[in-house]
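Right after this note come the structures.
Heads up, the next two complexes both have chain A, just with different partners, chain B and then chain C.
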Partner chain A sequence: MIRGRMIAGFLTPAILVYGFFFLLPTLFTFYYSLFDWSGFGEEKTFVGLQNYVRLWNDYVFWLSLWNTVMILLVGGVFIMGLAFLYTILINSGIWGKKFFRFIFFLPNIVSVVALSAMWAYIYNPRIGLLNTAFASVGLEGLSKTLWTSPDNIFWAMLAALIWVFTGFFLILIMAGVDKIPADMYEAADLAGASLWQKFRLITVPMTWDVLTISFVIWVINAIKMFEFPFAFGLLQVPQQLYTLGIYLYVMGFGKREPIYQLGYATAIGVVMLVLAFVMIVVIRRLMRTDSLEF
Partner chain B sequence: MTADTKISLSIENVEKYYGGYRALSDIDISVVEGEFLVLVGPSGCGKSTLMRCIAGLEKIDAGTLRIGGRDVTSAIPSERGVAMVFQSYALYPHMTVADNIGFPLRIAKRPKAEIKARVAEVGRLLKIEGLLSRRPRELSGGQRQRVAIGRALVHQPQIYLFDEPLSNLDAALRVEMRVELARLHNATGTTMVYVTHDQVEAMTMANRIVVMNGGVIEQIGAPLELFNNPANRFVAGFIGQPTTNFVNGRVVSADAGAITVELPGGKPFPVAVTERLKGPTPTLEVGIRPQFFSLAQDGAADLTITVDVVEQLGDETLIYGELDGDQSITVQVAGQHHVARGARLDLAVDHDKVMLFDDRGLNLCRRPS
Partner chain C sequence: MAGISQTAPRRSPLMRLGGRILAYSLVWAWAAFTIASMVWVVLSAFKSKREVLRSGFRLPSEANWENFGTAWTVGKLGAYFPNSLILVTVSVVIVLVVSAPAAYVLSRAKFRGRETLTNVFVLGMAIPIPMLFIPVFSVLAWLRLNDSLTGVSLVFVAISIPFTVYLLTGFFSSLPKELESAAILDGCTDFQVFRYVMLPMAGPGLATAGILNFIWLWNEYQLSLVLLNSPDNRTLPLGLYALQNAMQYTNNWPGLFAGVTIIIVPTIIVYAILSERMISGMTMGAVK
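And now, the complex of A and B:
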């Protein structure tokens, strides 16, 4: 009885804070998405599912969704693949493990605005690092590429985004790999296993739980991706860089000119929430496994 | 070693450094085919390092390693023809027992039917055929141990390496597995190198024992040879249970074949020696195994102790006491003896079994076995 009261006593503050700041706003998001509302004043017009019908027919919404899905899938494949590759390289016994881990993680502790300014310089068509580098090795054709042209800007942003996020997932995956006992690999060495066999038969299955969490974290990050593409677009974010998060912000609060369609923006928020929820359920289903003891 | 005995493993002048620290120094061992060799020594003596060097998991800094006559000094682990059972078993938690045992064959890309047949065969040999579809976490310690051995067996290597494989098991299971390993050795007839810090395991399982200390070999020999004729104080103290008593004895006289010593509170007695004393020595360290004491009859005491603790084991009695001058003594006598704490106990020593150690710790009484 006392134990029950103690548990309730300790949990209540957290539940209240969580309920007030997370659960309630989420429920209100659903509610507001049924209204035509600027976000200011009492004046709200109930429109039912009209906002969702409008989304269905909105070209910019579909473009934002497409970009988000591209970030999620293409970005995800590169980020996880590179994080694993770097983990194997850094763990291969090379000098300076901690140094390289720090270097890869560095983008995560630098302001997003600073990072996007740096990438703006890298991609600058005339004086940028990338084109200058291409020119210096004789790749004249590539050195004339306009990386921030409407055709290229999304992929240029995605490449930079991959660079930013790889370090974070490198840390996660490396922590998972580090907890695999060394003798698991030694037993494989005695059997004559190749690097690929060790990766496939030992590393991946034994970091499965870390991979699942990493995928879930990435899905959440990718679906609500906002700051980096927004900062990358500088003052006027072009539609080619719109993600669901950016489109929500633009519809809710505008760019230079305010739009103030909060009802419509919350409908985008609901789509993001449902998308994240479905993806997480699917990932957890697909990657479900028994917990390992070692 | 006869001329036609085949050398299975040859370790020649091997040295191993970790930075400036010398982990192995001048290691020289030849293991004949089918031999059960045990590397024994206290923690940090280099026995596991030596085994890892044999397996190729560590590189040696000097010397040569040969397996079956082939120089494998710079060969990768899988090309050495060895299989190893790890102290932690190193079983893959996400694989079934069958997959764990068949892992080396899967890596070697053997046909599935062959893997299945070999796994079943090993499972039968180790009596784990009913566990093949289980995961390691569903097994007891002893069963995991068997699976780890199974994974080594499936290799069909020239040499099996065991790195303290019984240290995670409880006492009863350890005895059981010890017997099973001896049986397995008899059945396969393959060379086995076994690392342990437990001298009972070493004594009971080995054809020959290598006693290591501080990265060097103290002595190599058959178990009883090490017990009866330890080369030095370290081996005398390490081999044998309970451990050898070391007492400072006064040298009464030293001749070519015998040294007469006197223990505190006792009468002088002569001890046959095979080595000469270098220079005049007033005292020597006298080594007496607890088994070589007996309760003295009237007036025949070689030394007298004050009894501190008595342990009754049923068939024998362990008496812990102190000599004058605070030197502790352990006595193991057959049968049941009731001695009160604090009592004075007269002891006789089997003079033929007494060992004398000079100031370098060398045994002066190496008697032929």
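And now, the complex of A and C:
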């Protein structure tokens, strides 16, 4: 039996650092969001829920929320769909499973800023890889596309994002699929089950837990999305790329010129946290009732 | 391998062949795109400025190593490299030193509130990092640690604790209990059990946690962006971001690519050697 003194001694350092530099700041966010606060070192003025009222009437906030939701939903459908599809393809007995898994996951260990530089090169209208490739196969019309024009930039960014995250969820889902006992498929084969039946009646229910966790992880990642679109947009991030995280940063620290609306920015942080927790609860609910059907 | 499309008896050999070809072409299309674009960026780092603008898909005519020199000296990546290396190494060591004992106690000791405390640690994984920008900045300002690598390393440790504690708690729980009992019967104190029996057995888990945290913190960019203002304190991702912004005006693509190469090569080497361990560490928590 481990004694109390040792328990306390072993836990204290972690609790101190985690509490002081992570949990406490999270709680402060709620408090700060009730103030008008125009700079570190400036006086705070209590304004109650005024910042939230202002958010409600702020066009740019709704735009950022819309973009975040688009990343969450459109990105989520593609990422999960592709991750599942490629798990099945790579697991279908083709040569080089470990190699493909290695390559698919690769973008996740590379610096986001490096990835955004790479995609800037891919999308560049004049010298970019995409347009050069189109020109070299004779697709002159397509090769003149301005991939990062205001109309296209969000979707161009999202495509790159899907490429990054598909590899991440591929390794999670594949780990789940690999745990399914082989004899289940053998039994199904003997019973004459079709591919689709095996997928629907064995693969999906047997990976349900992994899928639930994957959805939860994706929701968290989508709601806090900041780094990739921010680096992709460079110094003057265009509003088409604003996510909640980027708008928070812009209101707190500005782009070129500092803005320093700190209270207002923290209110956006509170919205992000609430959104994340609500979505997690919803997903757990939905996935739980569904799993009872099997 | 329990393949999903392990062939049913009814499918004809022709269909099987068709399926095989389809699987290969779809998987290779994705993999080829990923490999080609990364390799192309690295290759283009050896081109001259003019070559990048004109040459299309041609290989560099000669190796222009000076792009790396430009990124290293003019782009100051040479100064940011040690910043990153020291900051990340120190942070990873502290994370492990702080998290391993906590995870051990959380997985092995019996005390009231153990589960709640575990959940509080794990909760951190769900908190959106941008939410911390302003309050963490003011905590560091209050400690007079703003705009310092010391301050950032404390924050790095804090944000790495949730995943590390989660991973290590799972790892300690999976170790057999018999050895502990045997060690106690042999007269070991609690601390000796931890130090000489459990910690060595947790070695692989600690290594996995260390590698994953190293990669994440090496690439960490959002909190560094907020917390580090002076150019001298920049980490590699911030330096590369500055290089990319400057590139908009200088049009020095190969210089930017040299910077990209400098920052991605260390992580790719680590990943190439340890990918199996990293991937199993990533998936351990998700697949029970």
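The rule we apply is simple: the second predicted complex is superposed on the first by the 263 of 294 C-alpha atoms of A that agree within 3 Å, B and C clash if a C-alpha of one lies under 4 Å from a C-alpha of the other, contacts with A are read in each partner's own complex, and residues count from 1 in each chain.
One rule holds for everything that comes next: a residue touches a chain if its C-beta (ideal position, glycine included) is under 8 Å from a C-beta of that chain, and two chains touch if they have at least 3 such contacts.
What you see is a predicted model; the values in this text were computed from it and never measured.
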- Query: Just chain B (first), just chain C (second), both, or neither: which does A:P181 touch?
  - Reply: both
- Task: Look at A:V69 in the shared chain and tell me whether it touches chain B only, chain C only, both, or neither; answer first, second, both or neither.
- Result: neither
- Task: Determine, for the superposed model, which of the two partners chain B and chain C contacts more residues of chain A.
- Result: C
- chain B versus chain C as contact partner of A:M287, first or second or both or neither: neither
- Return first, second, both or neither, reflecting whether A:P205 touches chain B, chain C, both chains, or no partner chain. first
- Message: On the A-aligned overlay, A:A159 touches which partner chain: chain B = first, chain C = second, or both, or neither?
- Response: neither
- Looking at the overlay, what does A:A193 touch: chain B (first), chain C (second), both, or neither? both
- Partner chain in contact with A:I259 - chain B first, chain C second, else both or neither: neither
- Where on chain A do the contacts from chain B and from chain C line up? 181, 184, 186, 189, 192-193
- chain A-facing residues of chain B, complex: 55-57, 76-79, 82-84, 86, 88, 90, 92-94, 103-104, 106-108, 135-137, 151, 155
- Message: Quick check: in the complex, which residue numbers of chain A touch chain C?
- Response: 1-4, 6-7, 9-11, 13-15, 17-18, 20-26, 28-29, 32, 40-41, 85-86, 88-94, 97-107, 109-114, 116-118, 120-122, 126-127, 129, 132-133, 136, 163, 171-172, 175-182, 184-186, 189, 192-195, 198-199, 203, 209-210, 213-214, 217, 220, 223-224, 226-227, 230-231, 234-235, 244-245, 248-249, 252-253, 262, 265-266, 269-270, 272-273, 276-277, 280
- Message: For the complex, give me every residue of chain C touching chain A.
- Response: 1-6, 8-10, 19-20, 23-24, 26-27, 30-31, 33-35, 37-38, 40-41, 44, 52-53, 56-57, 94, 97-99, 101-102, 104-106, 108-111, 117, 120-121, 124-139, 141, 154-155, 157-159, 161-162, 165, 190-191, 194, 215, 218-219, 221-222, 226, 236-237, 240-241, 244-245, 248, 253, 256-257, 259-260, 263-264, 267-268, 270-271, 275-276, 278-280, 282-283, 286-288
- Given the complex, residues on chain A that touch chain B span 181, 183-184, 186-193, 197, 201-202, 205-206, 208, 289-290, 292-294
